[in-house]
Every structure is written in structure tokens, then in C-alpha cells.
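Worksheet for the structure shown next.
To keep things simple, chains are lettered A, B, C and D as they appear, and every chain counts its residues starting from 1.
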Amino acid sequence: MSRQMPPAHPFDDDKLREECGVFGVVGVSDASNFVALGLHALQHRGQEAGGIVTHDFETGFNQARRMGLVRDNFTSANMMASLPGPIGIGHVRYSTAGNKSQQTAIRDVQPFFGEFSMGGAAIAHNGNITNALALRKELIERGSIFQSSSDSECIIHLMARSMGRTIPDRMEEALRKVEGAFSIVAMTRTKLIGCRDPLGVRPLVLGKVGDGWVLSSETCALDIIGAELVREIEPGEMVVISADGVQSHFPFRRAKSRFCIFEHVYFSRPDSILGGRSVYETRENIGRELAKEAPVDADLVCPVPDSGTPAAIGYSLQSGIPYAMGIIRNQYMGRTFIEPSESIRNMGVRLKLNVNRALIKGKRVILVDDSVVRGTTSRKIKDMILDAGAAEVHFRIASPPTAWPCFYGVDTPEREKLLAANMSAEEMRVHLGVDSLKFISLDGLYRAVGEENGRDNASPAYCDACFSGEYPVPPRDMISKGFKANKVAAE
Amino acid sequence: MSRQMPPAHPFDDDKLREECGVFGVVGVSDASNFVALGLHALQHRGQEAGGIVTHDFETGFNQARRMGLVRDNFTSANMMASLPGPIGIGHVRYSTAGNKSQQTAIRDVQPFFGEFSMGGAAIAHNGNITNALALRKELIERGSIFQSSSDSECIIHLMARSMGRTIPDRMEEALRKVEGAFSIVAMTRTKLIGCRDPLGVRPLVLGKVGDGWVLSSETCALDIIGAELVREIEPGEMVVISADGVQSHFPFRRAKSRFCIFEHVYFSRPDSILGGRSVYETRENIGRELAKEAPVDADLVCPVPDSGTPAAIGYSLQSGIPYAMGIIRNQYMGRTFIEPSESIRNMGVRLKLNVNRALIKGKRVILVDDSVVRGTTSRKIKDMILDAGAAEVHFRIASPPTAWPCFYGVDTPEREKLLAANMSAEEMRVHLGVDSLKFISLDGLYRAVGEENGRDNASPAYCDACFSGEYPVPPRDMISKGFKANKVAAE
Amino acid sequence: MSRQMPPAHPFDDDKLREECGVFGVVGVSDASNFVALGLHALQHRGQEAGGIVTHDFETGFNQARRMGLVRDNFTSANMMASLPGPIGIGHVRYSTAGNKSQQTAIRDVQPFFGEFSMGGAAIAHNGNITNALALRKELIERGSIFQSSSDSECIIHLMARSMGRTIPDRMEEALRKVEGAFSIVAMTRTKLIGCRDPLGVRPLVLGKVGDGWVLSSETCALDIIGAELVREIEPGEMVVISADGVQSHFPFRRAKSRFCIFEHVYFSRPDSILGGRSVYETRENIGRELAKEAPVDADLVCPVPDSGTPAAIGYSLQSGIPYAMGIIRNQYMGRTFIEPSESIRNMGVRLKLNVNRALIKGKRVILVDDSVVRGTTSRKIKDMILDAGAAEVHFRIASPPTAWPCFYGVDTPEREKLLAANMSAEEMRVHLGVDSLKFISLDGLYRAVGEENGRDNASPAYCDACFSGEYPVPPRDMISKGFKANKVAAE
Amino acid sequence: MSRQMPPAHPFDDDKLREECGVFGVVGVSDASNFVALGLHALQHRGQEAGGIVTHDFETGFNQARRMGLVRDNFTSANMMASLPGPIGIGHVRYSTAGNKSQQTAIRDVQPFFGEFSMGGAAIAHNGNITNALALRKELIERGSIFQSSSDSECIIHLMARSMGRTIPDRMEEALRKVEGAFSIVAMTRTKLIGCRDPLGVRPLVLGKVGDGWVLSSETCALDIIGAELVREIEPGEMVVISADGVQSHFPFRRAKSRFCIFEHVYFSRPDSILGGRSVYETRENIGRELAKEAPVDADLVCPVPDSGTPAAIGYSLQSGIPYAMGIIRNQYMGRTFIEPSESIRNMGVRLKLNVNRALIKGKRVILVDDSVVRGTTSRKIKDMILDAGAAEVHFRIASPPTAWPCFYGVDTPEREKLLAANMSAEEMRVHLGVDSLKFISLDGLYRAVGEENGRDNASPAYCDACFSGEYPVPPRDMISKGFKANKVAAE
């Protein structure tokens, strides 16, 4: 049976997409229930599949990996009873495979599990290994059999071949060989392990629930289980958590942090806390910055739902132009309705959104969106707004032009499909057919996330490769396929 | 397989619920595709089941009735191909049956179909027949066999027994015998029929799409198919639409309109147009009225998502207190997660909402909600807001106290479970544990919906029985069971 | 999900098919479990759908009707728990609808239920009402709404309109208006009712299990629940069974019994007892008669599996020619495999049967089958046997040529598709391409079922209309459509 | 959804069970359709799961592995379209895991696939690796990650670690390291590979269909696709089949053939050809031998359906006692009906079989069965026969007492649960409660399969370890766990 999955965002086919969320817990009486809740709270980070591994000493390791939403797979009593034990990890993911068959896809669902001579281990990975192809080729030549097409599987094979005496030792050894972005949650029979790459590109936080410990991509998953935030795992840090508490290591060469700035713009949930600040407030700040940088005289500030909302509120507060819901989202989205033979203009958009016609008519409208990727849906929204009789349409975008692909765990179109990679700002405005189009500046974005002086071009505080084309980790596999970056960090 | 259905509202177990949406189309080449889209847009009016009937001259009448959402049942090519023809009607509904088995429920799913000597007819009903029990008893005694427990089925049996020569004639005769609220969409092989009860309690609009005609509970379903709004069907009007156009009748004794005022407050979608005005704007007006009636000094105005949003925006605009999303709704709601043995305080609410902790902390917060029914979720939300460190919590409610049950097609708890039926305003405030609690006045609500002078108590313009206990149609079956109204219209 | 249903017989698309089995029990603690077992034992009488109705005084009447096999629908604890109570009836059926949609089909699944002024009743019917069209037309004109396309539904509407004071009274009155063949099992809240038409065309037996009573189409369903056979219900008898025991009535004008002789040939299970004798033994007798009537010199007697087996054993015993399984049936039949592009000769048959090549090669083979309807599969089997190298193929058929359709509850092709309606015996032999083809004579068949003097042409002991074209009940609806019988009983 | 699978034999929980069937084809235009049909014909060799791998040069390797029957999984157009290409292999299997969860089971479903540096390969295995535990331990220590609990997975890991230049080379090298019984069908992108262990314990045949080649466990799977039997693959032979034809190798030390004699008794389908002779005829021979060895005066010879049928026919032909179907099998078996609270004696058996009461009553009955394993169902059948009024019951068994477990790919109970391992013949007779009980002698069985002089005890022609306790391949893993054989072949 095919099930239509409600997407995180009505136009997520025209958004950059975070590829994964990870979660783990240890020291509770029924880890799988916590993991299911945590993954549910992280569902916006990956909606096409999810998996959970747990361990108890009676039945050993148990796992379930499923296509579809957490709420559809991990809520039955039978399912949860099949995942017993006080320790468990989980993963939600997008399938990055465009046209692959489902058979392939389920093989790619994490966590991955391996049986080593000292016992089993499971691993869940958010990020992307930039030298995975090279590693994979070498591992296959030496006799490893890959079960998936995922870059993440390299890690568990490297662990299998390590001479390390313990699983954390093997994981350290394995991770020293991989390059790229990784926030990892792993487990052995008794230990929960968390690790972030040296630049800390992807988020990972530590929490406490009762006597147990939690690792999670975002703080919103701590809230759902009533856990308290202890701290963020630091870039380059590995924590090994057991009955004896939390041990911290720094197995990698130290480097300056380069957290993904797009987590602030779009990926993370607005109720999560990043760097001590509400993501919602950061986005409201972005809206305020945008109102300062790109003011315009208008009647209404309307968000493109739902991700443009906080920035639109900020824009309204800064500009004094009233905020209104000019576009209403259908709460029961489904993508696959059959179009009547009398063709319906922009039917795909109508399934998801409807314009508040009576409100919009005759008004000068500022539409605030988080980003423009291909620009396809921006055009359709503009059409709808004009069809409803708007007098003017002004687009304000809460991020700089997205002109470069991400190789660190985000699903981006190829560069030639990114509107900003091929057009100037004015060309884009004409292409979208709006009265004005303004993006926040890169400096403005840095200010909004708390860097008062804007971007330090010599040593930026964030990874902003999707805007700047400056890649803090060399995308080795892509370079070997011919990709040319704007700038690549020295090794 | 049990399927978790995403509810219209995160707390719809603590809301009044509209029970039905109806839709019909004639004169298009593939009616079922239009009906599916229309029902999808009306899904908020009934999420537990839906059905479609169509007719073409090759295969006759075809129908499909299913438990679950429109997008899960009426999107496959196979399904739609099984519903061919240029005319069709559909229905979405709540099951009002608390603990009945699914076998019973599917029998209750509309449209209902009957084969008469002059051909078949199907009927979809939004509203409630207040003398259904008495009619049913009499029909059974005379040999009718009921297939459902639905009050609506009476209509089709009355039609079967009518001596009328045409189906519209029989429908007129049948409807003259029923009492209560009804907005009906029906069809024969070639005619689409719409009808509203003399008071026009439930909405019904007429639209045009290409050469075809549309009937729908709300205008938002016209928008999704690109149809244009022609006009509302008038109270007491019956329209019979065929290749020859729209014929209008007024078969009932004329009466003053008493449209349901709660459609403005909560039931209708904010992008629908009622009485020529955007529902969204009416709700923003309610918020403005509320700010005038019940001001309070505070830092933030936050909606209880999602239905409190327009009123919260209105409150903010009127009061000048900044609007903010203090509570974030999880887009992937599911009700049935298994709670970990370490019990999680208010887990049910956490699955649906999360407080924006960093934003709320230390703030005086005005929470705007559309209504208070049982009050159970209001208490939990207040808990979450206080847990997050809010300094003060002020509830502002966009409707008067809901103290009386509705018998006209809305699912309300028994009167003893309505908070406002049992407590004074101050008792409610103490019960909810908030710093202040204010409801809009009934006059204020009338002003917000456009009655400048507030409610005309001698002859109110709306049905407001749920607030006033004044019932414009005698709830005959309920009265025979012992129900005592505040006031019942003379017959 | 489409499910492939293992058919009763590998070629049942080329067989006459019994359309229904009925079963009921009262006075046990959990009737539904008994009914499920009974229907499972009667599954050969109808494999496309089944239904159960039970009653207890806490939840009232409960029912479940499902497409598919009993074992796939009525074995879960949930399902059975939804059907509580000490009394219940059930039904299995073929869909006679060739190309109707599933929506239609489920409406046609029995038992049918009706709520009358003195309480509800459910009814399950094996047979066919020969004046159903006329009754239906009249009932619709008077205001009855039919839910199915089934002839059986007339009975419950006639009951609804009866002025009888009790349900058995109403059932008597209703049945006096219907013509045709019927073995009925019905129930009220406390009474189990059984009834056979005056000619007793279809079987119905009474059994006892513990303190409870059972009604069943065949005795094999008594065996599965450990019930003992009390007696057959007599033609024209109605029994009403309650806590007070079994009351017997004969509401119809008495007539000479005309039991369906094809029940002996094919429909009933070989382990059932009909008229005091094992069906298996009767079929073995048929084989012996056939060997006497149509001997031939050969090496092996092989059954066409599975229904030809007892007659083949009888033929072998009488003739002294060794019995062998020359054709092996695949136990995992499925009809819908996709044929490879290199087309496979007779693939449809290969999916179901395989010839024992090494055994058959060079042999003169007698193939014994129960009947020839269209002859399509007989030809394919002959092909397979010859492909495997048989020297000669002789068909021996355990019934006379099937030249007339049945209108009493058996699914027969239209007369023009019956091979024997269009060809002489020699033409059939040439058409099938076999060395010899012999059918048992009608007299021989009567002798095998115990009529020592063969058929009494003046007053035959059985209904043999499918062979003789002599119809003991006038097929009124068919006659009005133009059907010409060989001979129709006087009224 | 749980699906009840119709078992191969009504008492297969009291039978030895073949664990696998393998099939492959190359050189046809749509291999998957052929493989599905072939697996369907081999379904009796494994009914709990099945898998297919194919390859074409556009989409690469594709696979689907499913729990359940071939007809339920591999018949949809979608499924088959997802498995394109001119080459493919498949596997059906029993799950030998008693209480493992389904998650585990699906991982164990074959074919197994591995990506090597020179390309991918898939492998399907019938048999059992007797040194799998030792191999697995060593492979894990060297860094291999196992995905299943199957012994067969060792082969593909050994291949991954081989230095062989081609996949057939690697397979040879791998198979030289494994011990036990194996009939393997494997594939690369262009080559179909078949191999039998040096003793040829399990069957494997080569066939030709059009221009393509087929490998199959049994000949019945050639018949279903219209392929012709070319020859059996020889013990110790490896064939590599490509566009250039069939190349044959003998990579192992030559040894005397020791084919499994139980394939003749029970595992293989009666219409398959083994050693040039119909399995059906061999079984009829066994019945004749048994009649000579163990005659008894009686009225009827009845098979225990279905596997006792050919031997019962042979016994009848040899003894002259009439053959009859005294026990009728229900064609719609299901195991999980809920038993009514009034407990039904032997309900489990009644669901599957029914005694032909009228036939059996007062008769002296010889029951012929293929084997006695635990004896549990033999007792129940005897009960049913006696309940039906049989005067005497004589069991005749078409195999010697099964006293030893099989370690070569057959699912046998532990030795302590085998009736014959714990009782003398007379003790078994008393335990079963029958008038006489006779097994065919081991010499008699050898005669029936064509060894005129019976068993050559110095060098038996077959593997008969289950009867004799003489193991031609040392069951190394079992010995290391403490198993004591009667006799183990020298290495």
C-alpha cells in the first residue's frame, strides 16, 4: 500500500532538506518508547524512513527499520514490545535516492548494525562522509560486503576491521579515517556513544531524563520526553555514556567550529535551542534584519507557511506593517490527487495552500519566505496572490541566495538547478515576476545569529558553503567527479 | 490496520466538532476527481470517514465509502476510475459513535443511496434531524429496513415512500417531514440537488467551474478546483441543477435566517468566505473586540495553535502587544505513542505542542484560544507555559462560554461536561489556574461578525444556542428524553 | 491488496458451482467460534465471501461480512471478540457477479439483517428465488430500499412488511410469497430458525453439540465442531429452535421431494452424509456404474484431481484396471502469475496440475472427471496427457451431459456455452480430441444414488434439470426474459 | 497483517521438512517471471519465505525478498517489473527459527547478494554447512559483518575475501572451505552458476527452455515453464552457464555419491523425476515392498493424506485390499481458528482432516503414512478413525523408523523428540494405540529405490543418516556442541 506522507513543508520539493535526525537514550527502563518519542519530535529532519535498535540481556539486540513516519511505525504495543531494553538509538532519514526501488531504500535505513568479535554495535549518522566512495572501494577490495548504498555504512565496516579492543576504540579509529560532517549516536550492549566531527557541522545535544542520559540532534526531542538540556556535544568531542556516567574524549585534531548556518534558517525546529538561543527568536531577528536591509511600503506582511512565519513576524514588528495570514495551509496535505480533465491552474499548490482572497484583494503584500532554491513554487505562490487581486507582491527572503550545493548531509539540487547559481538578483526578480525581491545579506544573516560584526571572511564562524561556495571540508568524492568549488579549506 | 489520523486541531478532543462537509458537482467530464478535491478541502469538517457517489450511463451509480482521510482513500487511479461519470456528490464526517465497532461505523458513512421506482438517488447531509427517532420508529413499523444508525437515513426512506413523481418532488415531500438543521447535496442520474433548512443553520454555497456547477459546504472547496463563487444557497431554498441550468424553489414556510455563529468562530476554514467576508478577518475582528473588552498589560500575545491564530493577531494589532509563536505545533501528530514507564508529565500535549521555552521564559503571556469546552487542555497548556518559566498567563477566549449542547450537527459533550455549564467565570479561572481569564461577550461576538448593535435579543440574527441555550428549532427527540432548554422557539 | 484465493477445484472456472453454504448455532457460550469453524468446513460451497451475525444482550446484534476465505477473516481474536453471544449464523458465498466492483460485492454478502418493530433478525440463504425480480419491483414501488443486488434480500423486505406478530410468523408469510429453492438459516435475539423449500432442493441438516443446536448445509460442518447429526430438515419444514427445544412446522403445501442430484455428483464434500449415505461411496458407486456402462481396455485409471477421485477409484475397482495418480495437483494454486514472454503452452493448467510424465508415457489412460461443462479444461488436460506420451486417452464422466442451466442456486454458464447443449456425444469426443468419451446415463446415475430402477420419468426423485431440462419449479424471472425450458412443472 | 500459510502437508509440524528450493535461469527475455513460476513449483520445499534476484544492464541487480508464499508475493505486475533482466535466481525456504522475530527472519531470506570488486553476485543455497559456526567466528574476527543468522551467508563472505580473479573462481575457493551439503544456484551479471557438494546430498537438475538454461532443485519446476530436462548436475560438479553455453568443472576431490534417500520418501514432489524414475512410482514401489514385508488381513487400505497416497496405492495393488479415501483433507487449511469454550476433541486435526465416517464404520483399516516423527499426529488420526467406528487400525509406514536428526538441510526435531529414538517398535505400537504398526525395512527401502540387493552396508548408495545414524559428512559444529553420532565418515 502506498501511503502519502505529509511533508514537513508544503513545498519541500523546492527546499533544501536536512537528511537525518539521530537520538539515543541509556539508563531508562524502556528505551524504545523514549526513542520513538524522540524521533517523532525530530521527524522534520527526515520523513521517509526511520529505525530503532535496542538491547537487553535476554533477547540481545533487536531492531526495526521501516519506510514511513515514526507515528505510523513505532506506536503499536507489539512493535515496542519487540524492542525491549534500557538502551536504544534511533534514526530518521530522507531517502536521497530519486528513483530507486523500495527494496533498495529499506536497506539504506539506519541504524546500521554490526556483530564484532567483542559484541555488537549499532550506529546512526547525521551528516555526510565526503570520502565515502574512496573508502568503500578500498573496503570492498579487502572483502567487506556492503548492504546499503549509504555513505554511513563505511563507518561500521571500518570498525569491523579495526584492531581496537573496545567498540569506542574501534569507533575512534574508524572516524579518524572518514572526512566530512558527522553527528553520530551509537550503542553497544551497555554504552551509548555520541560524537561530532571536528568542525561540528551538524548539531548534537546531551540531555538528562531521570537517571538516564539522552543524545539528540535537537533540544525539541528533549522537551517531548521531559528531559533537561545538559549541554551541546562539542565539535570533535566523543562521549561514552554508561552506568558510570559520561566520559568525554577529543580524538581528533582540534579545529575551529563551523556549525551549519542553515540550521538556524530552516532545518531546526523553531522551538529548539541552538547556541543557547531559541531558533524562533533567531528567525524573528532575521526578519528584523531583513526589514532594515530591504524595507518597502506595503499593506500586509504575510509568511509563506509555515517556515517563513517567524521571519515574517520579525519583519512586521520591525517595519510596523501589519502581519496577516494571507496564505492558509491545508492541514491534510496529500500530493497525489488525480487532476480533473478540466485542468486546474497550479493544482499542486492549491492542494497545499489557499490564498485568503477577501483579505488580499487590492493589497500591497510582502511575502516572507525562508529561501529560494529552484524558484518553482515561489512563482506559483506569486500567481495565486495576483489571481486573488493583490496590488503588489514583494518577496523578502530570510537567507542569502542559495547558489552552491551542500555536501555535508543536506539534500540539494545540482548546482545548475539552483536559481541563484544561474541568475542575478534582478534576473531572478523578473523570472519570479514580482515587484521586488530581496535576500538578506550574508553579513545580515551572521548578525541575526549573533555575530555582531557580520561574517569574518578570513575565518567565518559558520559553514555557509551553500551561500558562499567556501567548503570547510574538501568534498573529495565530488572533486574527483569534477566538482569545482569556489574555495576549499586547506587540509 | 489501525491508522492514526492527524486531527484538524491538536486538541480536538476538547473542541466542539462540526460533523460533516458536503460537496457535489455536475456537468464536468470526471466528477469524482472534483469531488475528491472538494472533500479534501472540506476535510476539517469531518475526518473519520468519507464517501463519493457518481453516475454515468454505462455503469450506472457507483459509490465508495471509506473510513479515514480523503487523501488516503480517494487518490488512487483505480479508485477514481471506479467512480466514472459527469455527476457526483461526496461527504466527509466525524463518527459520533464513541465506542462502536468499525462494522457499524462504515454503515453510517454517507452518501446514502436508494433505488426508487423512477431510478436511484444519493444524498449527503450536513446537520442533524431533531425528530429522527420518532420518524425512524414510524418508518420501521411500516416496513422500512434501516441500514445505519444515522439520523440522515430517515430522509431517503421518506423519499422511498413518497408518492412524488420525480425525485426532487419526493425530496421536497420528505424534507417537509423532517425538523432540524440540514444542508443537503443530493443527486439523481442527471440532476444535482442542493437544499438548506428554513433557518439556514449550516452553510451551503453554489459555484461554477467551466460549464459545470458545484455545491459545497464552504468556499475553500471552490478555490481548490478553481471554481468561482456564484452565491450562497438561501435558507429554505432548494436548487435543482441540470443541463438546463439552476432552478430554485422555496418549498418550506419562510423563516428568518439563523446561521450558526460558531461557523465564524471555529468550524469554517479561515480562507472561506461567509456572508461576503473572509472568516479570517472576522476572527481577527473577534480578537480586536476581545482586546477592547478585556485588555491586560503583558509582553506577548500568543495563539493556541492553530485555531487561535487569527484572533491572537487581532488582539495584538488592537493592543500593540507583540504577537509571537510561543507554542509550536508538531506537524506530525499522532495520538497513540506508548508512554515510557517513567511517566512524562502531560505527554499527550507534548506530542502535539511544544513551548518555545527560551522565548517564554520570564514573560507575561496572553494566550488566545477560540473556545473552552471541557477545559482539560487549557489546563495542560497553562502547565506547559508555566513550566517554561512564564511570569504570568492570561487566557483570552474568542467565544462566549460554551454552556449548552448543540443539536444541529455539532458534536458537543453532554451538558454536565461543559465547563461553563457548571462554573462561574471566576471559578473557571481558578480551575484553569491562570492569572486572568476572559471570554468575548455575546454582544461583542455579534459585533465582530458584523451586527453593529450586537445581539438583537428579541430576534437574534444567528443560532447561538451553545452560548445562550436558546434553541431556534425544538430539539424534539432530546426533549422527549428529558432535555431542558433555556428557551425553545415557538413552532 | 489483492489476494489470490485457492479455488475449491483446479478448474472451477469450468465447473458448475454451488453458490452458498449456511450454518447456525444456538445455546453455546461463544457461537461465533462455532460458526467460523462450520463455515470453514463449508468453504467449498462458496469461497469469495463470508459473513457472521451473532447476538448477545449486552451489545445487541453484531455482524462482520468480508470478501475472502473464512480462515483469512474469522480467525483473529479481535474479530471473534467483536462477535459475542450464544447464538449466531453464518454464510459463505460465491460472487455471481462477473465484472462487478468490490463495492457492490460486499453489499451482497450475507447474512442480511433487518430491524423490525419487534426486534432484529438476520437471514442466510442457500438457493435461488425464481420470482425475485418481480418481487423486487413490487417492493421498490411500495417504498423498500434494497441494499444489494441479491435475490435473497427480498425475503427480509417481505418480512419487514409482514403484519406477523413474531419473526417466525413473518418469515413464514414471506416465504409463502417466494418461489424457488431455499435452505435458510435465520436468527432472532433468541431463536435459531431453519427452513427448506417444499421440494427440498438444497440440503440442510440439524445437529446437536453439547446443550446447543446446530443447522448446517452439510454434515461435514457438524464433524469439525464435534456435533452429532440429528437428522435432515425435511423438505417444506421450518424449525424454530430456542431454549425450549426444537419446534417443527410445515407451513407450505406438501410436495414430493426433488433434492438436487448434483449435490451427490460434485457439490457436497465426499465426507458428508446425504440421505444416510457417504457422498464418497455414492461417487465410488458412480464410478462402478460407469465401468459397467462404458468399459474400455486400458493400462491405468487416473482421476482428474480432486473431484474425479472417488469415481476413478470405483471405476478401477469395478474394472480391475490399476488406479494411479497420473496427474498431480499443485497444492499452492494461484491464478495470476505473469506469463513469461516466451509463451508457455497451457500455462494456466500447469500452474494447477502437472502430469506424472514418467508414469504416463506409453500408457493407455482412462481419465475420470465429474462433469464436462464448457469442455475447455478437458481439452487442455488431454493435451498435457498426450504431450507426456500417453498412447490413448479415454474420458469417462461421472455425470450425464450438462445441457441445461440451473436456476436454483448454482452458478451455470448460459446455455449456449454448455458443450452438451450444442454438440452430440460424438461431436464432443472429436472436439475434445480423445479416443473415447462416455458419460454415465441418467438412469445409471439414479441407480448409483440408490434408485434401483433408475429414473422414474413420470415423477423423478431428484431435481436433474441441468441434465434433463425438466424444471420442478417454474423459473419465472427467466421465463419472463425469454428462457425456454424443456419441461416445466405444473403449478 | 498476519497471513495464514497453507502448509505443504496437514501435519507438517510432525514431519521432517526440507528447508529449501533453488531455481535459476539465464538467456530468456524476462527471467523473473520464469523464476517465480519455478519457485511456485518448488513451494513444497519451503513455504515461509522466498526471494528473487535478477540483473539487467540498465538498472543493475534488483532483488526482492519476502515472507510468505510465492503466489502472494511474486505475481503482481509491479513486483515483476521491478525485477527486470535476462538472468535471475530464486530461493524458497522454511524459517528454522522457532521463536525469532520477523525482523530477524527477513534478514535470513535468500538469495544473498554481495558486491565484489569485479562486480556483484547473488547466491541461493539448499543444504547445510556443517562447519558454519567455526567459519563465521573466524570471518567476524577478520572484519566481516554478517547480516543474517544463516549458515549460507558464510559462502558469500568467503567469496568476498577470496583473491580469485573471477566470481566462479572465488566461489570454487569458498566452497572448498565449507563442509556439508549444498546444492547452489548463483549468478553474476552474465553467468548462471550451479554446484553440488561432492556427495550430491541435495538434488539439482539442468534444463533447457528455448535458448535459455535452467537450474532447479526438482524437475517439476522444469515442467511448469515448459522446459526440458537435460540432466542432473553431478555430485561435486560446478556448471558455469553463459551465452557461450554450459561449462562443467569438478573442483572438489571426487567421492561416491550419497544422495538423500528421504527425497524419494517424502521431500520431492511425486511428479518429479529422480535418477530417471518418477518419484510417484518409487513411492508406489515402497508401498508394494511394505505389503510384502508387512501384510495384514483388512478391509480397506487408506492413505494418510496427502503424502501417504502413492504408497497406499502400491500397498493396495500388491495386497489386493481395496484402496479407499477414508480420510478427507480440508482444502482450506488454516491453523489458527479460535477454539470454542466447549472444547473440541482433536480440534487441530479436525481443521485439516475429516474421517469418512460412513465408509470407515465397522471396517478393518490399514493406514499408510510416509513416516513417523514425533508420533503426535499419528495418535490423533488413530483416535479419529476409532471414533468413526473402525474395527481395527493397522499403521504401515513407508520409511524405516526416523531415529536420528539430519544436519544436511532438513529441519528435524532434536533426537530426544524422535519417537523412534526412544522406543522399540512394540513400544511405539502401544504408544500409538493401534492394532499393528510396521515400518518398511532399510533394505526394503533401498530395494524400492532401485538397489536390488538392498543396502550395501560397507558403502551405502544413499545418505540415510536419519534412519541409520551414519553421517557421511562429519557434523562438525554439532560434534563440537556434544552430539554423538552412530558412525561418522572418515575424512
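Please note the rule applied: a residue touches a chain if its C-beta (ideal position, glycine included) is under 8 Å from a C-beta of that chain, and two chains touch if they have at least 3 such contacts.
Heads up on the chains, UniProt names are A, B, C, D = Amidophosphoribosyltransferase.
Keep in mind the model is a prediction, meaning the values are calculated, not measured.
Using mean Cα coordinates as chain centres, the one most removed from chain D is B. In terms of their C-alpha centroids, the spacing between chain A and chain B amounts to 37 Å. The distance from the centre of chain A to the centre of chain C, with each centre set as the mean of the Cα atoms, comes to 62 Å. Each chain gets one centre point, the mean of its Cα atoms, and the points for chain B and chain C are 50 Å apart. The multi-chain contact residues of chain B, meaning those touching 2 or more other chains, do not exist; every residue touches at most one other chain. Screening every pair of chains for touch gives A-B, A-D, B-C, C-D.
The part of chain D that touches chain C in the complex is made up of residues 2-4, 6, 8, 28-30, 33-34, 36-37, 40-41, 43-44, 47, 69-72, 74-77, 80, 209-210, 212, 220, 223-226, 269-271, 273, 276-278, 280-281, 284, 306, 309-310, 313, 316-317, 322-325, 328, 330-334, 336-342, 344-345, 347, 350-351, 354-359. The residues of chain D lying in touch with chain A in their complex are 62-65, 82, 101, 103, 114-117, 137, 140-147, 156-157, 160-162.
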